[in-house]
Each structure stands twice: as C-alpha cells, then as structure tokens.
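Pasting the structures here.
In the two complexes below, chain A is the common chain; its partner is chain B in one and chain C in the other.
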Partner chain A sequence: MSAILVWIWLIIGVVLFLMAFIKDTPSTKKTYKLLAFLFVITLPFTATSWLSALNSALLYSILAMGLNLLLGNAGQISLGHAAFYALGAYATAILSVKAGVPILISIILGGISVSILAFIIGTPILRLKGHFLGIATLGLHIVVENIIKNELKHMFPGATVPIKYTVTSMVDSINYALREKLAYWDYVSLTSGTKPFIFNYLQDIASNIPAIAGFFITLLVLYLIVLMVRNLLKTKVGRALGGIRDSEVAARTLGVNIALYKNIAFGLSAFIAGIAGGIFAITIGTVDEASFMLTVSLYVLAMIVIGGVGTIQGSIIGATLYQLLDMKIIKTILPQKYQALALAIMGIAVILMIIFAPKGIVYMLYQFKLKIMQKKSGFVKK
Partner chain B sequence: MSVIFYLGSILKNIGLIVFIGATIFVFYLAFKDTLKRGLFCFIPSYHLYYALEKLRHPWKKNINRVLWGGFWGIIIGYVFMNINSFSGVVNAIINGSISGSYFALMAFAIILIFRTTDLVNFAQADMASYSVFFVLTLLGEHFITAIGLPEGGAIMPIGIAIVLALLLSGAFGVFTETVFIKPVQKQHPISQIILTLGLGMFYTNLAAGQLYWDQEEHRLPEIIGGNIKLGESIAFPIDGILSLVVTVLIMLVIFALFKYTLLGIALRATAQSQTTSRLMGINVNMVFIMSWAISVMLGGLAGIFYLAGKTINLYSTANLMLKGFSAAILGGFSSLPGAVLGGFLLGIIDYVLGLITNIKEILSFLIILIVLIVKPEGLLVKTKTVKKV
Partner chain C sequence: MALLEVKELVMQFGGLRALDNVSIKIEEGSIVSLIGPNGAGKSTFFNVVTRIYEPTEGELRFNGHDLLKYEPHEIVKLGMARSFQNLELFDNMTVLNNLLVAQHTKIKPVNLPVIGGFASFFSDILYLPSTKKVEKEATQEALKVLEILGIRGIENLFVSILPYGTRKLVELARALITKPKFLMLDEPAAGLNNKETKELSLVLRKIRDEMGITLLVVEHDMSLVMDISEYIYVLSFGKQIAEGKPAEVQNNPAVIEAYLGTEEE
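Let's look at the complex of A and B:
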C-alpha cells in the first residue's frame, strides 16, 4: 500500500476506536467494537511499512501495563523496571539455549523466576517511599546492568545471545510455501508475461512474515495480560492496592497487610516485565544489553504518564502513541533537520502532562465523552 | 608486609565469625517471632523482613552494632590482606578524596534542593552537562549554528570561561525553577520525580537534536594540567588538587553563608518549615529560586571538575549524578555536612576497594541499597526513637 493510503487507514482505525469508546447504545457500541477488532486483525497485512513500530508499540504496551500496575494501582514508583525486562529476556535465553527448555515454557519460567526475585528484593526496598524508592530502584537497575555485563554476557559466545526457536523459525514453513509460490509465479510470468495482480502485495507480505507472526503473538500475550490485570483489580488484591495508593494508614487500619500487598504488586509487575522480555527475545531473535538501558524505564514511565496513570487503556494508548510518534510519525511530519527532536518532544509532553493534565489522555477522553453526553441530553451547565 | 597480612586475615576471620553469628541470631529472633504468625511466615523473605524490623527495635540495638562491627572487620581485614604496598594506600586515599570532592559537590547540590524544596532533582546530570558545554562554547568550540560565534581558538582563558559558565548555569537553574518546578511544588512526590525525569529527557535531547552538542566527540581542556609525583608510585593530578581545594573553600564559604547571612538563615528556616517561614515574612519563592541557582551552579562545577581533560559527550555526567545520589544517601540525605562527608567517604571507598576487587562499578549502588535498607538515616544522623502514641 502506498504511504498516504496507510495513513488514511490508520486514521480510520483511530476514529473507529474513538466511536467504540464514545457511543453508548449497546448495539452501536458492539458494532464499532467489532469493526475496531477487525481493524486490528487486518492491520499487519495492510500497514506493512509500520510493522516494526506496531510491534514495539505492543511490546511496550505489555511493559507499560506492568509498571502501571505498580505505579498507578499500588502507588509505588520504580525507575529500574528495565532490569526485570532484561532479566526476563536473559532468563528465556538461558533456559532455551543452555538448558534446552521449550520456548513457551522458558518464557513463563523466566517470568516466574523474575517475579520471585522481585518479591525477595522488594521486601526491604518497598519500605522506602517516594524519592528514596526511586533512587533505590535506580541503584537496583545499575546493579543488574552490571551483573548482565560482567556475568550473564560471558555465558554466551559473541556479543548477543541467539535464540534457537524464534518467531522466524516458527513460521518457517508458511514462509517457505509462500516464497515457493511466488517464485513459481515469477517463473511463469517469464513466458506468459503476466503476473497475478496481487503479486507485489504478496511479495511485500512474504518479506514481513516473521514480523506479522510476532505481531499476533505479542497481541495475544497483551490480551492475556490485559485480562489478568483487569480481573486482578476487581478482586481483593486490587482493592487492597488501591487502598495502599490512596492512604497507607487507612489501609493498615482496615487490616490490609501493606508490606505483603506492595510486594505482590512489585512481583506481579516484574512478572509482566519478565514476560515482555521473553517476548522480546523470541520476536527480535537476539538478546543484547543495549536494548535494556536505563532509558527504557524512563520511556515506559513517560508512556504511562502520557496515556493515563492507573488505567489499562492508558498504558496501551501511551505506549502506542509514544512508539508510533518516535518511530514513524515524527519522521513523516517534521523536516529532516528537526527529526532528532523526537525524544525532546516526548520529554516536554511529559512535563506538560504532569503540569496540566496529571491523569493523562484517558481522563481527557472521558471528559470529552461526558461533554458529548451532556450536550445530547440537553443538560449543559450554564 | 607479612605482619599486616596475618593481622588482616585474623581480623577478617574474627569479623566473619561475628557477622555470621549475629546474622544467625537475628534470624533466630525472626523465626521465633514469625512462627507464631501462622503458615504464611514460611515465605523466606518474610523472615528477612521481620529480622530487619527487629534491627530497628531499641532493645536489639546491640545486635545492630555487632553486625556492623563484623562487617567492618571483614572489609578492613580484606583490605589489609590484599594491599601490596603502603604507597598504594596513600595513593588511593589522595586520589579517592580527589574524586570524593566531585561526589561531595554533587551530593551537596542534590541535598540543597531536597532540603529546601522537598524534591529530588533527577535532571541534575543533564543540567550539569549544560554547564560543561557552556564552558566549551565560551572557549570557542561553537555548537549553536544559528548564532555563528567566531570559529577556532580560545576566546577567553579557561578560568574566566568557567566562572561565566557557572553564572549562566545559575540563570539556567532560575529559569528551570520558575517555569517547570513551581507548578508542581505541591504535587505528589511521584509526579515530581517523573517531572524531573521528563525535564532531563527534554534538556538532553534538545541539546542532542538541536544544538549539536552530541554530534561529535569533544574534549574539555584541562584547567591547569600536569601531575604531581611524590616518590615512585604516588601521583595525582594538579586539577584534582585544585578541585579538592576549591571544594573545601566553597563548603567553608557556604557554611559561613548559612550561618551568618540573612539568605542562609532564610534557607535554613525554609528547610525546617515552609509555612512558618512564610508567616515570619521570608520570601519562600526567592529562597527556592536561590537554592536552585546555587544547586545548579555547584552541580555544574562538579561536572566541570569531573570531566576536565576528558573526552566528553552529553551523557558523561549521568554517572556523576548517580555517585552523587549514593554519597547523599551515605550522608543521610538530610544534612549538608553529611553530604560532604559521604562524598569523600564514597570516593575513598571506591578507590581502596578498586585496588582489591572488581565490583567497583556497582559498589556505590550496593551502598545505596544497603544503607537505605539498614540505616536510612545516614551516617551522621543519630537514630531517634519515634514516640508511639
């Protein structure tokens, strides 16, 4: 597809999501939800040039969801969340490459081991509050980064860790069949002079098959984690976390074991970060320390603040907006001279959000919806 | 040397025995207490949790002391066992206190802001790198293509350039405070953390993207240059001695300022209670602005000393800020003399342990974690018993 068509298609998708959010009649809402779902399903086949940005948007959505559980729902900050992300990726790599564990099990085991580690580390650390918790988690990140640099890295030859069974190898047979078919059509066209009209499109798809498969795998994991977090927040644990965020003293008087629930939140968010690391390992195919710099945690924080603290939609919106802006939109909109400013723009966006709209984009959308409903019902405050 | 070695090994072993014994005793206390609390106490981290709670209990204060004694015994014994010569230690102490002076300045800058305005400035590194690049710009390496400064050659001597750059960074601090920090003064600490992180992201990437400070490798010239050699193996840079002297002088000036001038008294009063200072007619906004200006200047000075004679880019100061954090935490994060002491101590520990181990890089962060967990009040502040009503 040409670039302009992709842009129009994406704008249509955004409008679909907005309509699904704003409409209140159950049947209309359902229709728009279905359309939005179809849009997401067809997205990787239509916007192939955006695939890398979309994939990283989904991956960062998972990561942001983990940190948002800790920051927005439990009220504890972590500036070293990239540490758990990195450890998850390395755990997956070590389990699958060194121990020969099947890849799916090694991702889950990696997540669980990272969460146990976080549970143990969190016990002393989470007694700190505010700024000090920030500094301690920052220190934690540096320690983990150095452990990776000095110990884990030397377990493998070379600078990066190759994963044996990646997404690329999972879709190998489909890829092979499609390429064979394309080669056959190419050969036939030599004599007949005509190619099937979708030849170019299929060629485009064939070169992107691993990325498309990665998109669906990440989407599935994101969906599962959304379900997990949403259901968790409705249970006793979710209510306890909300209580701790709002007032620790009040929560303690109501019989909430503060240390335990803070630890649970820390462990769960580390679990999600570890799973994100495992997904990173199988979609990218190699694990190296450059992908888990301190800045990753800062960017995830920025995503949460932009999207909306303490909401599931907020993490997804923030991560998607951030990644698409950083990897695609800025490059299209701004002239060459100003393209390096993408991160500066995100920085100033974070500052403006904190000053003017601390609850993020999600809250603004709810306000917008409220205004529309008021207008419709004729109930407008004078 | 052999005497020192045996002395060290005896000390280390005694320390090890004491430390392990005390740890076992603490765990025994934890077990005894937690076994009553039901099945859930079998999660190992909970033993640790209650053990750490125990350490704070006034009755178990002696256990705390025994643990620390064992710990220092192990460390000092290990150092004695591993040092090869006396001059190595002297070298490490001099060079350690030189790098300690950078950390002390940085920790001072961080704590000054924390004391007066109750927020930790995570953008200190980015602001310090602005100061460093102000110096480079004033020295004739022009980066801002739009202004078109004359090319090549030093415009002014480096001393004047540093002073001017510090004044500029003071103005920069005033600008930051009035524009970005004032609106979030009353917000939750987490919002403030994220705001300062966003600020750092904004400043660094603005400079990298638009002012072209990051495009190529730059080298900050040495301030005086050269080394001093005493004997065969003791050597230290003159710039370092300059930084040490300047740091000590600045600290003396600032402590005099705090003690005797009206501004210093206002600063201390604001640090104690903002509301009362307002009632007493102190212009608290002015105090905030002044503390930001002084803090950014000190952080910039630390950055300039730290990077003098090195090849630099925009991210060189990040490490300095992290060391500043650990120095500040070592000093308790609330007292200014504690910050200075913590800085020097951290520098010396860094160098001495650099002689014997290879964990030097993560050492300061282990210190952060350990101090925050075991003794969050820092070294200088005495533990107060909180009255429970």
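Let's look at the complex of A and C:
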C-alpha cells in the first residue's frame, strides 16, 4: 500500500517539475512554487520507506552543488572532493562532541574551517591545470583518507557519533509524545478492540522521525545553499569565476586576480562540501573512512555530468536522479538475484547520458522547451 | 610627457629573441600603429606591456608608473585595456555579463578599507540593496557603451552565437567599459570586410576624439593603418626597423624589404 503511494507521489513530483519547467511564466510562478512547497513538505510523510534514499539525494545535491561551482562555474576540476566532505563531517563531530559546541553552530564552523583549509591548500595546487589539478586533488584525498584512518577515526569508538549529538536528540520530545500517544491507543485497543485507522501509519512515522527531521534539516540547508550560490553566480564573484573558466588571460587583463579567485572558488566549494559533511555527521551519525571513499567524489562528478555542468538545477536533478536510481528504483525493479548488476546498470546509464546528452539533463530539457515554444509560435526549423 | 614609454625592451624565449631592443614612445591622445610581418613580435609586445610576459630586460613606464612593479590584474586600474588577436571573449556568458566582468574592479557594493572585500562578498551572497544598486549602475554603464558602438539590443544574447564582426565589437566594448586612458587593439580589422573596416576606422577616431583615449593598434590591413595612424612603428623579427609618419614609413626601403623581401639580382 505504502509502496504504491510512494510511486504515485514521485510521479506527481516529476510531472509537477516538468510542467513548472515548461510553463515557466511569471503568472504561473507563484502557483508552481506553492505546489512544489506542498509536495516537498508532504514527501517524507508519504515516502517513509524511501527516506534514506531521499535524504542521501538531498545530501548529495548539496555536495554536487559545491563541486559544480568549482567545475562548472570556475572550470577547475577536483577529483578528491570527498576529502572536504569527510573533513566537514569530522570537524562537526569533533566540535560538538569534544568541544561541546551546539550542533547547528558546529556544522557552520566545520564548513568554515574546511573552507579555510581548502583556501590554504588551494594556493599551491590551483596553479596546476586540467589533468594535473585532477591528480593533485586525488592526492589530497589519499592524504585525508590516511589522516582519518590513523588519527581521527580513534576519536569516535565504533565510528559513531553519540546519539546525543545527532538529529535524533533534537526531535526527542516529538518522538516521545508520539510514542506515548501510540502506546495509549495500543492500550485502549486492548479493551475496546479497535485501533484508530491511522494507527499503523503513525507507528510507521514514529519509527522514522529522526529520518524525517534529517530530511527537513537537509532540505533547509540545501535551500539556503541554493540561494547563496544563486546570488553569488549573478554577482561579482560568479562572473569573475565564469571569466576564469572561459578565458583566463582576458579575465586577468580585466582586473580579476586569477589566483585569488581560484582560491575563493576552491574555498567556497569546500565550504559547501564541509556543510554537507556536517549534515552527514548529525543525520547518519557514523563517521569513518568507508563513508568518504574516493568513489564518493566520482559519483558526485557523475551526478554533475548527468544533471548539467554549470547549473544549479543540474546539480540537484543529477544528484536526486542518481541517488534514487541507485538506492531505490533499480533495486525495486531488478529481481533479487540480479541486484549485483545495479552498479553496472548505473555505469551504462552514465555512459548513455554522456553519448546522447553530453551537456546533461538540464540542457536537454531546455532544448525540449525551446522546441515546444517554436511549435507554439509556428516557427519550425526546416 | 609620453603616456607609454618603452625603453630597450628585450623578450627572450629560450634561444629566440622575440623582442630585441624595442623602444617605443606613445604620446597622450595619439593614434599609433605597430606593424610588421607575421612573427615580428607585435603580439609579444602587447603581452609584455600588459604584464602577461615578464620581459628579460628593459624599462616600461606608463603614465608615470613603473609597469614592472604591477601584477597583470592591476594593469587595468592604471587605465590600460586591450583586445586580443583571436578574440578572448567569455563565450559561455551573455554580452552583458562579459561587460560586467570588465567592470570587476569597479563593482564594490561595500566600499570600506580592509574589510571591504569581505563585506562586499556577504552583501553579494545576501543580495542586499547595496549589491542591487551597484549591479544596476554597472548594467546601465554597459548598455551605454553598447549604445555608443551601435550594438544595443544584443546584451542578453550569448557571445557564442554572435557573428564574428559583432563579437569584435563586443570585445571593443569590453575594453572600453574599463574607462581606459590607453587602449591596445590587436588586429581589430582582421576578418572584417571593406565596409566594416571603414566603419571601424570611424569608430576608432570617435574613441580617440570623443573619449580622449590613446590608441595603439596592431594591424595588417594597411589601408586602415595609413588611414588612422599618426605615427607608425615597424617591427621585423623582433627588431625595430623603422618609425615615422605614415607617408615616411610607406616609402622606407627597410619596411618594403621586410614585407616583400629583397630583390635578387
């Protein structure tokens, strides 16, 4: 029952998104904004079995946005972005557990400290270009991974952040109240023999409350970061980065301090990755090197390529699609004995995307929209 | 006093002397051309003056400043702008954004010493009224320059879809919007047809007369060079072989030889 509800809800979401994308006019904007808001608010309550996939989709959206800022907007590659993600997670966990900083503040401080570190590391390595920069960032990842294995890992026994410092503790009171109510109904039902019809549903929700809270926290942070990146891209810094991407020499003669702005891009991108790491630490609660493997960086890169390099929507669409496909959709569709093929299927999907839509889904949609508009206006290319 | 003064400039790339003892003096308010066959070192000269290349030897003075003390990105603040031989536009951005990048040093939402940069950054992130105001001003400035060059209306198009001639104008607009004292144009007429070249010479005159910008032009199109320039320097294989008024240079045997080769007898 609930599985069907999820599918219906997701299809509604996709249809809504496409409608909003194609019929994007000032008059309909408000309606679609409201609909999108309602959809997102209700999503975790309908899709409880999908929560872990949705949460990780949101988390990866943040991460992808960070890398996309660096790759798509500043034209600098990083193959070791998981390093900043990991350091953000550890910084947040250490700040809240060892230093007693409130959780949300420790996330921000974690992000800032990671960005400062990236700024410093960026000074030498951003002098490299293209493949060489890729190799340098790859090396950075290896270094961080070893630091985690040898030093940081021992700070958290069993690689777990104590529950007290995670999102679970923040929703304790709601959780407690709901469980109490459920227990009461359960008790009443013993005598009367009937349970309220939403009993099962509420029980389902109650067992998922930390994940739902995680969903909303991640969503809020994602929203704030989208605003930040959007504003950044339409003002001075964003344009300077675009200049560096398109022609370093021209940007330089026009007064852009190339080295500084590359560092800024690296720092900002690391900041966003660090924030994502912080959220990971407080929602998932496990911090060990297995969560921040090199493959994470490569997945994020794949997400950006699928979604659309250099666009905010591309990061979110790519990450969401990739995570939902990877964690839920393929696993639901594939029979049990072919589960091992999931990764291969993802790989093929990415290759097909690169062949048929090399600029990503966002550009594909824009072209689709353009075609529709041309048809409507009667202008068709011969 | 000369606006740009280059003394005994040497630029050595390994065993190649791309510039060999070049001395050039450009007076304020003049239109000067730099000509020479391919590989003469004209573009190298531009790159040295805009500090992209570090000269091996020589002295560079611009408007009383020792250019060698400045970083490439600081040159624009001194009032120097340039165009490029092979168009270095920001292709994945709109025309307007190209012109806004050019105002990079001027856009300061928060104008404070020391913390100004940080404060501006946060103003930008939050898109505060201070940012809105400077952005609006910069946009209007950009539209004004497009109006002057007669290409108003293309500001929201991506540069990559524009025809070549228009792109050249956009690059010119991008250089002009920095409000330079001194403008260096690297082959502005390359790829333009006769009519467009004539229009260009009018535009260049207008730039000098109405905006008071000193021009240094590298060009292969001799009709344009002879038409607009007041003084000409000739380079060949990195050496300065002649200089003078257009008529003098035209009849200079060394120049003719450099362009056509010596007559074998």
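Criterion: the second predicted complex is superposed on the first by the 365 of 382 C-alpha atoms of A that agree within 3 Å, B and C clash if a C-alpha of one lies under 4 Å from a C-alpha of the other, contacts with A are read in each partner's own complex, and residues count from 1 in each chain.
Here is the rule we go by: contacts are C-beta pairs under 8 Å (C-beta built on N, C-alpha and C of every residue); 3 or more make two chains touch, one makes a residue touch a chain.
Small disclaimer: the values here were computed from a predicted structure and weren't measured.
By the touch criterion stated above, A:228 is placed in contact with chain C alone, chain B being left untouched. By the document's definition of touching, of the two partners only chain C reaches A:310; chain B does not. Measured by the number of chain A residues touched, the leading partner among chain B and chain C is B. In the superposed model, A:251 makes contact with chain C only, not with chain B.
By the document's definition of touching, of the two partners only chain C reaches A:236; chain B does not. Interface residues of chain A, counted against chain C in their complex, comprise 228, 231-232, 235-237, 239-240, 242-243, 245-247, 249-258, 310. Note for the complex: chain B touches chain A at residues 44-46, 48-49, 52, 114, 119-120, 122, 180, 183-184, 187, 189-195, 197-203, 205-206, 208-210, 322, 325-326, 329, 333, 358, 361-362, 365-366, 368-369, 372-373, 376.
Chain C makes touch with chain A in their complex at residues 50, 52, 71-77, 81-82, 84, 88-93, 97, 100-102, 104-105, 107, 109, 120-121, 124-127, 131, 135, 174, 178. The touching residues of chain A, when paired with chain B in their complex, are 71, 75, 77, 79, 119-120, 122-125, 127-132, 134-136, 138-140, 142-143, 146-147, 150, 259, 263, 298, 301-302, 305, 338-344, 346-351, 354-355, 358.
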